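Structures given as structure tokens follow.
Each of the next two complexes has chain A plus one more chain, namely chain B in the first and chain C in the second.
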Partner chain A sequence: MTRTRLIDPKGWIFLAALAAFCLVVPLLNLGVAEGSGLHLPTYLVSLFGKYLAFALLALSLDLVWGYCGILSLGHGAFFGLGGYAMGMYLMRQIGPRGVYGNPVLPDFMVFLNYKELPWYWLGFDHFAFAALMVLAVPGLLAFVFGWLAFRSRVTGVYLSIITQAMTFALMLAFFRNDMGLGGNNGLTDFKDILGFPVQAQGTRVALFVATGIALALGYLVARFMTVSAYGKILIAVRDAEPRTRFLGYRPEHYKTLAFTVSAMMAGVAGALYVPQVGIINPGEFAPTNSIEAVIWVAVGGRGTLVGAALGAVIVNYAKTVLTGAMPDAWLFALGALFVVVTLFMPKGIVGSLIERFGSPRAKAKLPPEPEIAPKLAEEGQG
Partner chain B sequence: MSDADLLAPVSATATGRPDDGHAPAQTKRVTDALLYLDDLRVTFDGYRALRGLSLTLDRGEMRAIIGPNGAGKTTMMDCITGKTRPDTGIALFDGVHDLTKLDEPAIADLGIGRKFQKPTVFESHTVADNVLLALKGPRSGLASLFGWRNRVEAERIDALLVKVGLIAHRGRPAADLSHGQKQWLEIGMLLAQDPKLLLVDEPVAGMTDAETAETATLLREIARDHAVIVVEHDMHFVRALQCRVTCLHEGAVLAEGSIDAVSADPRVVEVYLGR
Partner chain C sequence: MIRIIILSLLLGLAAPAVAQDAVPADAYTRLASDSYGDIEAGIAALAASGDPRAGAVLSALGEGRLLYRPADKALFIKQGDALADARTGAPAQAEGLKPVRANNKIRRALDAAQGQLNLASPDAARRREAADAVFKARDPVALPALDAALARESDAGVKRALAAARAAVLLAKPGTPDAERLAALPSIQARGDGDAIAILRTVAASDPNETVKAAAGRGIQQVETRLAIAAAAQNVWYGVSLGSVLLLAAIGLAITFGVMGIINMAHGEMVMLGAYTTYLVQDAIRAHAPGLFDWSLAISIPCAFLVAGAVGVAIERGIIRFLYGRPLETLLATFGVSLILQQAVRSIFGPTNREVGSPGFMSGAFDLFGLSITWGRLWIVLFSLAVFLGLLFVLRKTAFGLKTRAVTQNRRMAAAMGIRTPWVDAMTFGLGSGIAGIAGVALSQIDNVSPNLGQGYIIDSFLVVVFGGVGNLWGTLVAALTLGVANKLFEPYFGAVLAKIALLVFIILFIQKRPRGLFALKGRAVES
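Presenting the complex of A and B:
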């Protein structure tokens, strides 16, 4: 059989680079005395951790976009839901240390005259429960949403639009104070995670490393899925969905599974992002966030996994630099980057490298064309 | 059907069933035929693609379907494979399965395989992987994630590739194959599915004469242990298949019989061969 190894050379380079990054950053932060030229400030550790969380989000998006042609413009929703689940846990850890000193209710609930804790906050005192919700809530939403959409054979641009509508609807819902999740202020003022102070240097380094490990695990899960027979069928669905039905496959099952796993990965990314940035608010559900994630994947190269992660880090690094230098120019730069990549590097960075140096088999596996603007005329609607 | 209906069959048949001028439907039609199509009618936006098509195919039989463009050949295949639902009519597989009630994967699962007019293989995948995905076996997501399809012996796939003459190309992406090779790969995928009935739509379109002759030999060999329906325009090829021929015209059967009888039929000559 033409079996593909779980970790190919590209994967080894990626994992080695990631491991080195996760070793060097803590070393330069904890191991080098402050004031030394080599010292890495703690805020940069958290910034890098944020990049890695975005890389995991991009990876999850690439799993569905690159390998089964689902251009989700709403992956930020799953990221946000995972983030909120973690945020709720962190809120419960504040205990009576809030501004109002209420032993049970978080500050915003006291402020909004809540009498008791809403039922859906129960259980979030426990990390294990919160961790479960980080996976279960985005997973369940993706499962139900995916099942309904894919069973009705909604594909292409229509699917993209409803994913966008989904994240927009969630944003509006989370903005409401009645939602019991902090309204437009979101959840913030976190104190502890697993008993360690969130702001402490050691905790921040640990969160950074945990994000690196999650990214590596996410990569391995995505890789396991895409090199198995399942992944081959997924690619077949991407390229010729009607044909797979005549072979006896049910594309909706394949897509729903990939979409659900992808949403859970995005949820984990969100959960790791929140303690490192110290806040989660409904802005995370903004459609622009989801679209930015699509751009990361396009820049890095869709259908390559490694490229998606790389694209997220590169674009976000550029964002940090540019927003620092010229805050107003960022959106223009992002738009320009998108146009340049689409026109001159349609396979993205890693995709272009594969096209130049890869084997014929690796080249053939790349998605046929960048469906940034998916074909309106979907084949096989009949 | 409720108990009351069973007790009063006369009133049920007299009032409850739509009767459009044909024999009233039996509760279960018993037939020995592998495929039984009776009075299939399909209309697309007012265009009547099938106008009462009836056809039976025996187990192990090979049948060639000819007919001019628009005769309803592809629509017939679409009805059999669940792509199109007929407006009325009966389509039974194996005497018991009502094909008009099932969708494409369910019909494929019953054992009906299809090769399309335009060869549709999975271009991103290697030739061997195309066959791997077609191999008969569980089709669920979990089965493909962890199951046997990840541990298929190369010999099994290679044997099929030898049969369709593509063994030298096993590791190449299917996109790199020539048009004729893609046709063969699709036939190889059909064989991997090991269906009871193969529907083969224009298998020699775009093939050289030598390739056409090889394809005829291959199909005759397949027909030894499978039922096959071949739709084709190429009369030399149809003759080489040495099987019964059905000529369709305007969505219904015009003539049926040996190739000599059908091609001598004056109505067939008029609509199809004489042009």
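Presenting the complex of A and C:
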């Protein structure tokens, strides 16, 4: 069996497009004078940066859903945790410039009569520590959660429901003022990141490019995982978990690893999202957000990685346009998208393209078309 | 409290002094005065006299309708434009009248006096209220009236209240002998509420006699134990009430998810549709037949069932039937449907809450062994049980239920036996959705009827069904009640939000342990 190349043609197209995007956008923003018709306003740079962060979230979700059959309805939780870790770093950078001028405590803590910084805030004044937490906190949660769930063979719908319960519980927890993380209002009013003012044009462009690079790296990591020998087992687990187990593999190990890496990627996406939108609040944990991320992947095509990223950008662009033009129509459109994609485009955009133009081997890697009566099929297998 | 006691003490001392200098000292003449001291003494004397006109005179004074003639100290009551003699009630004519004035002190004295008068009221509920008022005021002036009332009282409940009031007065009055104070304690204890504890605390802290102090201390412990049990029972009741709401929300899902295996994320929106149907039905009744308003909920139930059920059948025929056996895809598609339904309702009815009224029989509360139970909640508990039993009956005892179970267990075999499986699918899904609509009727009574109504229930409903065991209605019942009661029992210790989080974490961990819920179905049919 020949090794699959790390970057296939579809990947080259994706990376080239991404690189071009990350070159053109800063050029049009910084290089073209403000009065010119070609000039790109800075707010659009941040908006595109937000799309790329969502694309990374979609990519992380595709890694578990498309390649290992775990439909996580709680990836927003990992995204939010990464975002909060970054938000805590940014809060600590405000220093005495807050409304209350307290050099140590963020404004909301002064307001809530905190006397000293809670222990879990210690260390967040260092970027390196915060960056570590962006990976470690979602990773650890995913590891513990996944290890428990996969070991006891919680699969399918049940897994989806408990991931949803997880993000719901986190949302309730972060809404509490006693949590010491800003409660309802979350963390906002950021000033500096690594010494550069967050609002400045240059910083925003840099954050945009950083998000693009993170997306490219995320793609390479996910690709590396899925084309390796490990990835082949992962796909085997997706398609026939009991059979893989009977062949002597431990599906729970493969799933836990994929789930943990995916959660870390979602955490990075959240961390890059927060400085670009300037706020993180418990609303990010809302179960609806996580489900919305699932539809990005479904639209783009699950099990294709490139498709997930593409789907996130397309759906969010549509959301920006529609909520601006016809606010009432957005939920109708999003709802219809869910229905139409599941009914008529189960493979998504990229999946449909592969099926049309791809090689037989590329087709074989797509998630199988579910049978109409898998109950009977599985009874036959198991 | 202490101020009132001091006040009544002063009053007790002042009254004889006033009595000495007013020569023909009857209550009516004392009232006819511009001295607040005289008026107050007059009120007390009138209340103690047992005069049948006393009530009318005192309420006239309270409302500023009592007038007097300074010349001969005659009293009159103004009734509209006419005057009446205060002593006899006969119509009268008079000139140069001045109103009997009242200040806050007088009004307090009036309240106490009216309390005394109520002690003799023929209505048991009013006597009891009066006794409670005396219990709270602890005015020694009321003692003779209390003794008289106790002697003639026949109702056991009122008698207990009177005894407690008398005991409270005795304990508050200085100079009560030790033995009487000791004897007074059990009656206070028998009341067994927060006020009783407050009185016992005062006694335990400041009584001069050690024996009385110790007895009061023991009394506090007993009352506190009883109160703790009552509070726990109240929490259990709240829990049952919450559990019944969860049951109502989840029971339709127990059909669509539990029996059919469809992840219906639009389930909450079926509940919402039911609530909006109730709103529309009430609106129509208000406009066309206001007399039927008390029946509005009963009329709404079949309407909500039909509306939500029809939408459910439409969803099943239009979307879900193409997705059988792909549970994760149904999840996404029905989530899309839920967004569309929410936005549709928002566009039609607006984003704000709609007002759904409660019929008369739903309002009010009653007292059961110290538990305060609201009628509305009680009806919802009973209603949810009725829905549960009705559903159980349909699934177990009817031909339709038999077909549903057959299709669930083995679709191909059922089809081979001549069951029209697509029809059964549509009807079963319609049944589950219709029951969600019925739940919406009940939930419209306790929740805001807004487009987001369903969102609040969907996660809880799924957790209830999963916790109880998919495909098992009894499991859903047990799970809903367990989660409801556990939530309310945790709440006093952790607060509402943490209690909820704790339960979510518990369910997540529980599913690791028993992935198929509390009451898992056994056999190969459920393995997929």
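The rule we apply is simple: the second predicted complex is superposed on the first by the 368 of 382 C-alpha atoms of A that agree within 3 Å, B and C clash if a C-alpha of one lies under 4 Å from a C-alpha of the other, contacts with A are read in each partner's own complex, and residues count from 1 in each chain.
One rule holds for everything that comes next: a residue touches a chain if its C-beta (ideal position, glycine included) is under 8 Å from a C-beta of that chain, and two chains touch if they have at least 3 such contacts.
Keep in mind it's a predicted model, so treat the numbers as computed, not measured.
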| item | value |
| --- | --- |
| When chain B and chain C are modelled together on chain A, clash or fit | fit |
| Touching partner for A:P360 - first (chain B), second (chain C), both, neither | first |
| More chain A residues in contact - chain B or chain C | C |
| A:P103 touches, of chain B and chain C: first, second, both or neither? | neither |
| Partner chain(s) touched by A:P9 [first = chain B, second = chain C, both, neither] | neither |
| Which superposed partner A:F246 touches (first chain B, second chain C, both, neither) | first |
| Partner chain(s) touched by A:G35 [first = chain B, second = chain C, both, neither] | neither |
| Contacts of A:L172 with chain B and chain C, given as first, second, both or neither | second |
| Which of chain B and chain C A:I295 touches, first, second, both or neither | second |
| First (chain B), second (chain C), both or neither touched by A:A236 | first |
| Smallest separation of CA atoms, chain C relative to chain B, angstrom | 7 |
| Chain B and chain C contact sites that coincide on chain A, given as residue numbers | 382 |
| Contact set on chain A toward chain C in their complex | 71, 145, 148-149, 151-154, 156-158, 160-162, 164-166, 168-169, 172-173, 175-176, 287-288, 291, 294-295, 298, 328, 331-332, 334-339, 341-343, 346, 370-376, 378-379, 382 |
| Contacting residues of chain C [partner chain A, same complex] | 263, 265, 319, 322-333, 335-340, 342-344, 346-347, 411-412, 455, 459, 462-463, 466, 497-498, 500-501, 504-505, 507-509, 511-513, 515, 524-525, 527-528 |
| Residues of chain B touching chain A in the complex | 81, 83-84, 103-105, 108-109, 113-114, 116, 120, 122-126, 128-129, 132-134, 139-141, 144-147, 149-150, 152-154, 157, 170-176, 189, 193 |
| Contact set on chain A toward chain B in their complex | 1-3, 225, 228-230, 232-233, 235-236, 238-240, 242-250, 253-254, 257, 360-361, 363-366, 368, 382 |
